[in-house]
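Two complexes, one shared chain (subunit A), two partners (subunit B, subunit C).
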Partner chain A sequence: MSTLITAEDVRHLRTGAHFLTCTIDPTAIYIYAEMIQRAMEGRPLELITVDELAAEDLVVAVGMVTQGLFIADMPPVGDEFLGCIRAIEASLGRSVRAIYSLAAANINGIVPLMVGLQSSLPVIDSDPMGRVFPLISQTTLNIGNVAIGPIALMGVTGERAVVEVESPQRAETLVRALVTELGGWAATAMYPCSARQLKEHGVHGSISRMIRIGQILDANTTVERKLLMLTELLGTTRIARARVSHIESLSRPTDLGLPAQPSSIMLEDESTGRIIHLEIQNEILLVLVDGAVTAAVPDMVTLLNSEQGTVVNIDDIQVGDVVDIMKIEAAAQWYTAAGLDLTEPRAFGIPIGHPRRRHA
Partner chain B sequence: MRRSKNETRLDLAGLLAHGSLRGTTPLYLTPSGGLVESVVLVSQLEEIRQVRPNTVVVLSAEMGSGGWLVSAALRHAWERRASAVVVAGSTYASAAVGLAQRLGVTLLAADGDPAALALALAAEIGASLSVVDAELARVARAVAGDTTLGDVLKTISRELDGIGVLLGYDGVVLASAGIPPRETDEVITVEVGDPNSAVSFTLTASVPASGVHNLRLVRSVLEIATPAVKAAWLLEDQLSSARATPTAAIAALDQDSDASGAEFEEKHRHLLNQLGWREGEHYVAVWFRSGRAQDHRPELTAVLRLLWRKVTARSPLAEVQGGWLALVPAEDHDASTQLETRIRARLGAALAELGLVVGLSRWQEDGPALALIVREGRLAAESSRSMGPGTVLGLANLGVVAATSFVDMDAVALVAELTLPRLMASPDRDVVIKAVAVFLDHGSSVSLAAKSLNLHRNTLQARLNRARELGVPLDIPAEMLSVHIIAKVLQRFAQD
Partner chain C sequence: MRVGLRLEGTSCRTVVLDGRTIVSPAREVHASSLPEALESALSALRREFGSGITEITADVGRVLAERKLASVVAIRISPRPPADAFHDTVLPPLVEPAVTRTVHVAGGHDLRGRPLAPLNLQSFLADLPGILAGSARNVAITSVGSTASKEHETRIADAILSNDKDVRISISSDFYSSVFRDRDYTAILNSALMETGEELAAVLEEAGRRQFPASLLSFGKNDGGRAPLSRLAMAPVHGLHAEPAMAILGAATLAGIPEGEVILCTDGGVTVAHTRGGLPAARSVIRQGFAASLASNAAILEPYTVHHPVRGDFPSVVADLRERQDEALPFELVPTLPSSHDAALVGSAAAPLTAWIDRLETVSGRADLQRVQNRAEEDAHSAAVQLGASPGQTHIVESNVYAMPYGNPGIVRIRVQAAGETHANEEHMLPTAVLRSTS
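Moving on to the complex of A and B:
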């Protein structure tokens, strides 16, 4: 059943998209949310479920791919995504019927709404990550052997490329190189597939979940009440409420071409004395409590301000801050052997298996 | 070992002060120092999960040096009770100092290549172990010179500063040396003997909890001494078998139960002389047998011989058909009584554990023939079976009561089932049987039996009448013995 998105929903979506990726500078999310809210004045924005499409309808994922440059530093002209969709249609000789998010958090959780408004295409309440990962190959569609290509990219200068590639790993390399040449970020359209394939291999309810998370976090209620509601909605667990004791950037060597530098944060749970270690690269990859793995990617870990219940940016953290460390389980596909192969800490250069793999 | 057992131990304090860890920077040191028994150079975090306690865990340089790695390594090291974690010198490790302190694991930073440090430490541990090897070789030489089990155990105990050492079988102490064990002792046990053999002994050392002994070294000493224990035991068993030949021969010759003692001596005079038995000498026969019928276990011979030494070392124990026999010289009646008391005191518990009973012949002034006292011993052993494992019974204390030991209780119970069905089916059966048994025990006197049972005589009379109603023939003198036996057997079953 399709839903009409309101300006209020966009505000909550912004908060939800930020909650699920607490580590990223949220400026771009805020800029996009504002653009969408302005563009929506007098224009409806339709959110549909994948079931509302015909099985063979062509759908495509839209999202930003960045390589070291914040989008806020060089804002888009505005036609980049439309250019990408046209390039995909030209390449496949078919019309795109709907679009979906490349990721269910951060800027790519909100970008499709803008693209939907611009293109008048419906936005599907599904995505191929159920969260956000730094690599375009880290998708449930990849687990399901859905082709990543052709991939269309368009940068701020209006230059456009279509990459015809089969291997998702190879696509990663080519896209990263092109993005650097296109100016540090590019609008992309990828994983063109049928609605049936998306239904079968995607993660569903992504956008509505972010809106619901935003509604909880934006509500005028106590932090404890918010945590309780998040637990009910997402099965969230609070690992600890702890005070930051040490921050370290460049905390370990990296050679994987991952688009961020590693860093780590040490915290101390003052009620129990437990020492907590967060290992970060783009996002929180690993949580060690007294050295024992308590959460590891693909689990989502986010930080909330212990007093206000608002999402904490990793970049803003200072020694002495007290935060709630929250763990959220990712989509079930990620805990299969193929899912863990793509996303457990080893995939990020940390030679440690996900705790669930031992029990698999 | 004249030196204390902790001299060969390496600890972190020593290694940091003047050993191979001297060049490391201590990021955190546990107050207790810590024993070091091995070193492991790991290249995968998971490898730490396999290390033994008291190991120094060195993280190889290629593992990287991230703070998360140090934290996770400390955690694994703590779970495995490792002595210390050594990481490549790095500022990243400083963040984990708090965790090292919290977990109580020493954290060291290596300035150079961690692999070189691990090699140097391994060499130091190896050198320390070679000192241990030299000590073990000396122990092996010392015990190799001992020929008796007692001497071997004494040597082991002496080498371990006098700690308690014992040889056991199935919970029974066969021989021991050194300080008696205390409850707080750390017990180290090694198996002695072929695992396929029916009898397997254990050699156990009880190490005081004072902590001066290296438990691994104590175990090594026991293992080194095991062949000597086995050799001494086999030698003693072989010698005992040879010495027991005359005793075994007596039991084997005594097959003709109709022959009198005098006839036996006359018939075998020449052989008895040759075997070394002197005429007119007084002996007491001691017969061991299983507490259950038809359950002779020849494999217990070696165990029993070791136990028998606690009673007397001079009279050998022979394995004979249906049990084990020893003929012990006894000059007078007192010596015979003392023998019985000694067996009960020193072997009673062990015999109960092994499910064995013992019977002794009577001491008689006229010094009866050996064949007769052997029969008496066997008879006493047979009789003592009904009193349960561990019983030590002299025929002198038994008299004619011995006859009842040969009653087949199951057969008597079956007779009762067939001939007294109403009694057997009666709900007040046990009360009636008890009344009948006590009545007959007191020579059919209602007054005496009632007094013994603490009942009014009319009550007892009523119960006896009830027995008559249920078909018990209490008034036919010729059947009185059978009724008495049945009542006693049924009473025993009721008690069981």
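Moving on to the complex of A and C:
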């Protein structure tokens, strides 16, 4: 059933998209939320379920791919995504009927709302990650053998490219190189597929889940109550409430073409004496408690300020801070053998399999 | 002895500190004008303490905040202008009315410092007479990627100054933030405050020279440090929110806790901060909800809550700074400092000279990272010495490396703070411990 998104929903979506980004600076989300709220005045924004489309309707993912320049340093000027959708339509000779998010967190969790307002296309409450991953090949559509191409890109300078490619792994290599040369980020449209394919292989309820998370975190209630409500909604567990004792950059070598270099944070749970080790590369990939794997990608891990119940940004973390380390299970597709092949710690250069690998 | 001084309206409030001891409690002078109040306050101190006063640090934040912002022309450099109104940069309501004209110039750099587009200087030069023909004498210039290369900002600034050397220009690369709108907002606000900064610097300089010709005059900064008065005319924005930082530093100084927790109880509520290396723990931006942040290193002050974790092994001070103290403090807090002290003035008197290095570096591995971090520490040390600190009394307070999520793999942000005292202050406030970590 379609719903009309309100300005209040956008406010909560902003919070939810930040919560699921696991510690990345949220400024780009804030900038987009503000743009959307202004653009919504007098214009309806429709959120639909994939079931509302005809099975063969053409749908396409929209999202930013970055490799360098911060989106917050050069926000899109406004014509990029429309250009990408037109390029996909020209390439396939068909009209796009609806758009969906490339990811269900961070800026890509909110971008489709602006694109929906600009294009008057409905926004589908689905995505191919159920969270955010750094690589465009790390999608449930890839697990389902849905072609990633053609991919349309438009960069900071207005330069464009269309990549005719089928393999998501090859697409990752080609797109990442192009994005660097396009200036550091590119607006993209990719994974053009039928509504049926998205229904079969996508993750559903992505945007409405972020809104619900935001409603909880934005509520005027205690931190403990918020944690309880998050547990009810997402099955969230608190791994520990711990104090940061050490922060280190370049904590391990990386040569996998992944954006950003790794870093790590050590914390101490002062009530139990347990030592917690977070391994980070864009997101928190691994949580070790006294040396034992307690959470590992594709699990989502995020940090909350233990006093305020607000999401903690990695840039703001200082030795001495006390944070709640939260674990959220990813979409079920990620715990299959094919899903773990794409996203478990080994895919990020950490020689550890996911604890659920043996059950996959 | 050192003087902490706060200006507001047509009044001047002072305190005198000798080491960590208050030798003259807070006094306030009201006059018919700010220069008169300042002259009167300093004259009284000269009569009482003579040449014993070696340093004077003024908190000018209240004056900067109360004056009307000057008009500013905002020049924004990026590869392309916004295609619609929704994608335009939005300024906080405080400064938005100050911008009388916005000019877009094609240009900008990526994070590796490579041009995204050639700077369209010719077109800008053609428009320049029209831009300078207006009444605005203040300009703010912000370029995409100026954290990696400030070339386009400085070329536009040079072009303006070649036509009119009296224009006040603030460029965004003087303020570190990876967010365009933060640098844009900060450069605009700084530019709008420069005239007041110049005036305050002149007034303080004149009164200081007359009453204490041998003393070093400084202004208090948002990070709890100070800088020579000459910097006030160039970067007044760093003095706009000094008072909370000075209150943290003052309370910590009086309690003697260079490493610890500072709880400030004011009429506006209870907040908590930390001191590290003798200075307030600082963040590189002042956040303002979801609007643009001010790109100025500033003390971190968080609301105190009932969930605040209490650490028995950690030094802590509770300062009751309320106007009236007849009711008990919330959260069953018990003040540990005498309530009569003006902690922020004590902080101003105690503030050391501070300098920051905050920049992007390209590294190829751990050894390279170590090299660029060492170089940044040397640069921060040199910057503090250039402000007037003695090399032997200058220390690195914080040295951090930050990973850049979804950035180029080899690019890191290096952020270092150095602090020091002048030769005149043998009894400095800072311990020699170096806090160094990477993140």
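Note that the second predicted complex is superposed on the first by the 358 of 360 C-alpha atoms of A that agree within 3 Å, B and C clash if a C-alpha of one lies under 4 Å from a C-alpha of the other, contacts with A are read in each partner's own complex, and residues count from 1 in each chain.
Please note the rule applied: a residue touches a chain if its C-beta (ideal position, glycine included) is under 8 Å from a C-beta of that chain, and two chains touch if they have at least 3 such contacts.
The model shown is predicted, which means the values in this text are computed figures rather than measured ones.
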| item | value |
| --- | --- |
| When subunit B and subunit C are modelled together on subunit A, clash or fit | fit |
| Touching partner for A:Glu279 - first (subunit B), second (subunit C), both, neither | first |
| Which superposed partner A:Gln67 touches (first subunit B, second subunit C, both, neither) | second |
| Per-residue touch tally on subunit A - higher for subunit B or for subunit C | C |
| Partner chain in contact with A:Gly320 - subunit B first, subunit C second, else both or neither | second |
| Touching partner for A:Arg38 - first (subunit B), second (subunit C), both, neither | second |
| Which superposed partner A:Glu344 touches (first subunit B, second subunit C, both, neither) | neither |
| Partner chain in contact with A:Gly291 - subunit B first, subunit C second, else both or neither | first |
| After the two structures are overlaid on chain A, angle v-u-w for subunit B, subunit A, subunit C in degrees (C-alpha centres, nearest 10) | 110 |
| First, second, both or neither for A:Gly158, with subunit B first and subunit C second | second |
| Which superposed partner A:Glu248 touches (first subunit B, second subunit C, both, neither) | both |
| Three-chain overlay, closest Cα atoms of subunit B and subunit C, distance in Å | 10 |
| Touching both subunit C and subunit B, counted on subunit A across the two superposed complexes | 246, 248, 253, 262 |
| Complex contacts: residues of subunit A adjacent to subunit C | 14, 24-25, 27, 30-31, 33-35, 38-39, 66-70, 72-79, 114, 134, 156-158, 180, 183-184, 223, 243, 246-250, 253-254, 257-263, 265, 270, 280-283, 306-308, 314-320, 322 |
| Residues of subunit B that touch subunit A when the two form their complex | 44-45, 63-69, 71-76, 78, 92, 95-96, 98-99, 102-103 |
| List of subunit C residues in touch with subunit A within their complex | 78-87, 90, 108, 110-112, 116-117, 144-145, 147, 178-182, 274, 276, 281, 283, 290, 293, 300, 302-303, 305, 307-309, 311, 363, 365-366, 369, 400-412, 435, 437-439 |
| Subunit B-touching residues of subunit A, taken from the complex the two chains share | 245-246, 248, 251-253, 262, 264, 266, 268, 273-275, 277, 279, 286, 288, 290-293, 350-352 |
